[in-house]
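Quick heads-up: structures coming right below.
Presented sequentially are two complexes of chain A, the first with chain B as partner and the second with chain C.
Moving on, here comes the complex of A and B:
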């Protein structure tokens, strides 16, 4: 096993071991923290597909995170108030069932990613960063003024949604659900990166004109991976909303986009487990430094600066050495 | 809807536009000359506003407050350029976005630690307070009119600096070919620090000027920063002319959209939902505009074709 393999294995062991210990020791707050980290990791795994593999610096992934959140919020809001979502030719009702909510979250954010990707991929470089940021702001301001679903105040859900056969109110069972989804997303990322499609994306990121010369459509591949990336982040948004039983426009804010990006960079861009390491570190710091000082963002800022300036490759890069790619 | 209201709103839009130009000019200069995306530009705006409010509170002089705000923002700009930004010129945009995002965190929390979470207030100077009567009997705040004049004066000064002076020639040359002007013996490091400090001073000035009509608080720079980015993206990144045109377009769209879109929807909808839809559409309007411009011209109105 490579050094990176050991780092990854240690991470997985910690993500299984710590919550299990917390469950046995009766510390539900630690499980909640771990759930938060795992959900952020899932969002960042989504972004890492666009950023690391596709080379698309999306500053608007909060759009998908927020759409996932609002998919959950709106469906559960209608279900808990017994209001039909649509009552015309046929009847659509809200739901409190996680699998249905997830499916809706994934579909909605994939569609949004398709639309945003189609428009944004006409530009590149700084313009791509800025246009994705603009889409994020559009959704942010739209939800703020959408008073039917709470506007600026957001939506609260009274009871966490259910999953067939599980008791999601039990922290460890909800954690297990989120962790399983994270593992599935990691497996999917791994498979995509190793597939001919992934190799082509890798090549498109490095030398786009050569890929074009051999007759492959690199732009389309980027669009496809952007859609998958958005869908995964959207799923994370639905879980995050379920964890807090609350959605608000801040899920769409550009700070959220920035934070998802921080998870990826902190851990290491284009590393399979980079986003996981980054999200875990972020949540741990948020908790530890947040206890020490009200102004913990200063330390986060300083650490981030240090990583950008001196430790390219993030935490996984620091621990596992340089990546074996041909950069 | 009366003509007076329309004129007032157009003036408000102009005022907002020229203030956005002060922010956008620095951003676009820094991107044009150094190729750097500076998210921390909004923090320099905030620094200007806080310093102005503090100095005005201590001395009672608005002019001194403005000078102090520009000086402090320029100094803060020079310090971060020499300590952090300088290392980012040769890295990719992702690193620049993150490093300057980190600077925002440090500046915002630092300011919160020093000044606390409560907003400060900066009064408009006595000389410029009160309304002024324009032709057609329109009453308009004197201070806002002064803001428009100040913004236009700075735009003119900036144009003279870039078009007519030696340092302006160096800046334009730096945009085109940085190796060449370094080879010709121009101290490129000092030039970069100067350009960054100049952009910072403009942001500080904007912060101080706007601080007198809004509350001065942590995070005040961020909405303006995002709008300034929209401005320079619409205008074409690196183009001062683009920044000016873009700033006026964004300023007018934002201000007029908020007033006229709900009215427009009322023509064919019931008032309640018209107000609702009009309001949400108007807050999205400038982003829709930006997306439309980028789809039509992927490098902005006056941008160089990639």
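Moving on, here comes the complex of A and C:
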């Protein structure tokens, strides 16, 4: 096993061991913290597909995170109030079923990613960053003015949604659900990266226009991975909303996009477990340093600066030693 | 019937026109040398054929109007390009560089390895760690993996050591004699081109200045239009 393999295995062991210990020790808050880290990691795994594999610096992934959150919020809101979502030609009701909510969150986020990707992938570099940021802000301001679903105040859900056979109100069971989904997303990322499609994306990222001379449609490949990326981040949004039982426009804000990007850069761009390491570190810093000072972001900024300047492979790259050429 | 036909092709880089009515025909199994001084429109012609640059006029490959196609579709139709400057995918290994371009047909990993044994020895090595000559071989191998009907080599031996140049010219000659692949070779090495090409097209100021059989190209004509 490579050094990176050991680092990844240690991360997985920690993500299994710590919540299990907390469960046995009766520390539900630690489990909630771990759940938060795992959900952030899932969102960042989504971004890492676009950023690490596709080379697309998306500064608007909060759109998908927010859409996932609002998919959950709206469906659960209608279910808890017994109000139909639509009762025109046919009837659509809300739901408290997590699998249905996830499906809706993934579909809505993927469709939004398709639309945003079609428009923004015509550009590159700083223009791509600006367009994705603009989309994020559009959704942010739209939800602020969307009074039907709480507007600026957001939307509260009274009881966490259900999953067949599980008690999702039990922190460890909800954590297990989130962790399983993170593992599935990591497996999918691994499969994509190793597939001919992943090779094509890698080649497209390196020499965007030259891939076409060997018959590859690099733009289409980037769009496909952008859609998958958006769908994964959307799923994370739905879980995050369920964790907090609350959704608000801040899920769409550029701060959220920035945080998801920080998870990826902190952990290691294009590293399979980079986003996981980044999210875990972020949540740990937020908890430990946040207790010491309200200005804990200063320390986060200093760490990020150090990573960018001295360890471009992120924390995983630093521990694994062997640099990836596109860190 | 000609495989590739260019008639009155014009192309520009913004306000600067580079091709002023380029004509070219190339038949199946034929090797054509395209020569000319720097900046005369050779690479622009290649870019127009491969749809990397918008061009006007008649561009037809195997009955397909190239002007309507996206760049990647030209490769799918069977136009393989070995671009000037190699442009290998630096972070991919030799094998990955080849596999990523692979399309079904005669050329596969083992046949490319047969043509360039050095690539087989370095199959797990990243392209960025190869020498210039090996990168050139990789660029040719990658283009062959698309199983083209026409292979365009744009300055494939430029800036390489004499021994490597000889190796590459030998491979190009083998492509012609052993596989009957159609070739459009852009180069300035008259001596080597004479051993490979059936016909020559000399380009000057964005159009054809001279065209004829390779054997009919004398030193004086070559010196006038190519400078060698």
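Criterion: the second predicted complex is superposed on the first by the 322 of 327 C-alpha atoms of A that agree within 3 Å, B and C clash if a C-alpha of one lies under 4 Å from a C-alpha of the other, contacts with A are read in each partner's own complex, and residues count from 1 in each chain.
As a convention for this text, a contact is a pair of C-beta atoms (placed from the backbone, for glycine too) under 8 Å apart; a residue touches a chain by one contact, two chains touch by 3 or more.
From a predicted model like this one, the values you see are computed outputs, not experimental measurements.
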Is A:300 touching anything from chain B or chain C once the two structures are fitted on A? First, second, both or neither. first
Considering only the touch criterion stated at the top, classify A:207 as touching first (chain B), second (chain C), both, or neither. second
On the A-aligned overlay, A:284 touches which partner chain: chain B = first, chain C = second, or both, or neither? neither
State whether A:14 touches chain B only (first), chain C only (second), both chains, or neither. neither
After the superposition on A, what does A:123 contact: first (chain B), second (chain C), both or neither? first
After superposition on the shared chain, which partner residues are touched by A:261: those of chain B (first), chain C (second), both, or neither? first
After superposition on the shared chain, which partner residues are touched by A:83: those of chain B (first), chain C (second), both, or neither? neither
May I ask you to name which of chain B and chain C touches more residues of chain A? B
Please indicate which partner A:215 is in contact with in the superposed arrangement: first for chain B, second for chain C, both, or neither. second
Quick check on my understanding: which residues of chain A belong to both its chain B contact set and its chain C contact set? none
For chain B, which residues count as touching chain A in their complex? 31, 37, 84, 87-88, 91, 93-95, 97-99, 101-106, 108-110, 112-113, 222, 226, 229-230, 233, 237, 276, 279-280, 283-284, 287-288, 290-291, 294-295, 298-300, 306
Considering only the defined contacts, which chain A positions touch chain B in the complex? 51, 57, 59, 119, 122-127, 129-131, 133-135, 137-138, 141-142, 144-147, 254, 258, 261-262, 265, 269, 295-298, 300-302, 304-305, 308-309, 312
Spell out the part of chain C that touches chain A in their complex, as residue ranges. 50, 52, 70-73, 75-76, 80-81, 83, 87, 89-92, 96-97, 99-101, 103, 126, 128, 142-143, 145-146
Quick check: in the complex, which residue numbers of chain A touch chain C? 196, 199-200, 202-203, 206-207, 209-218, 325-326
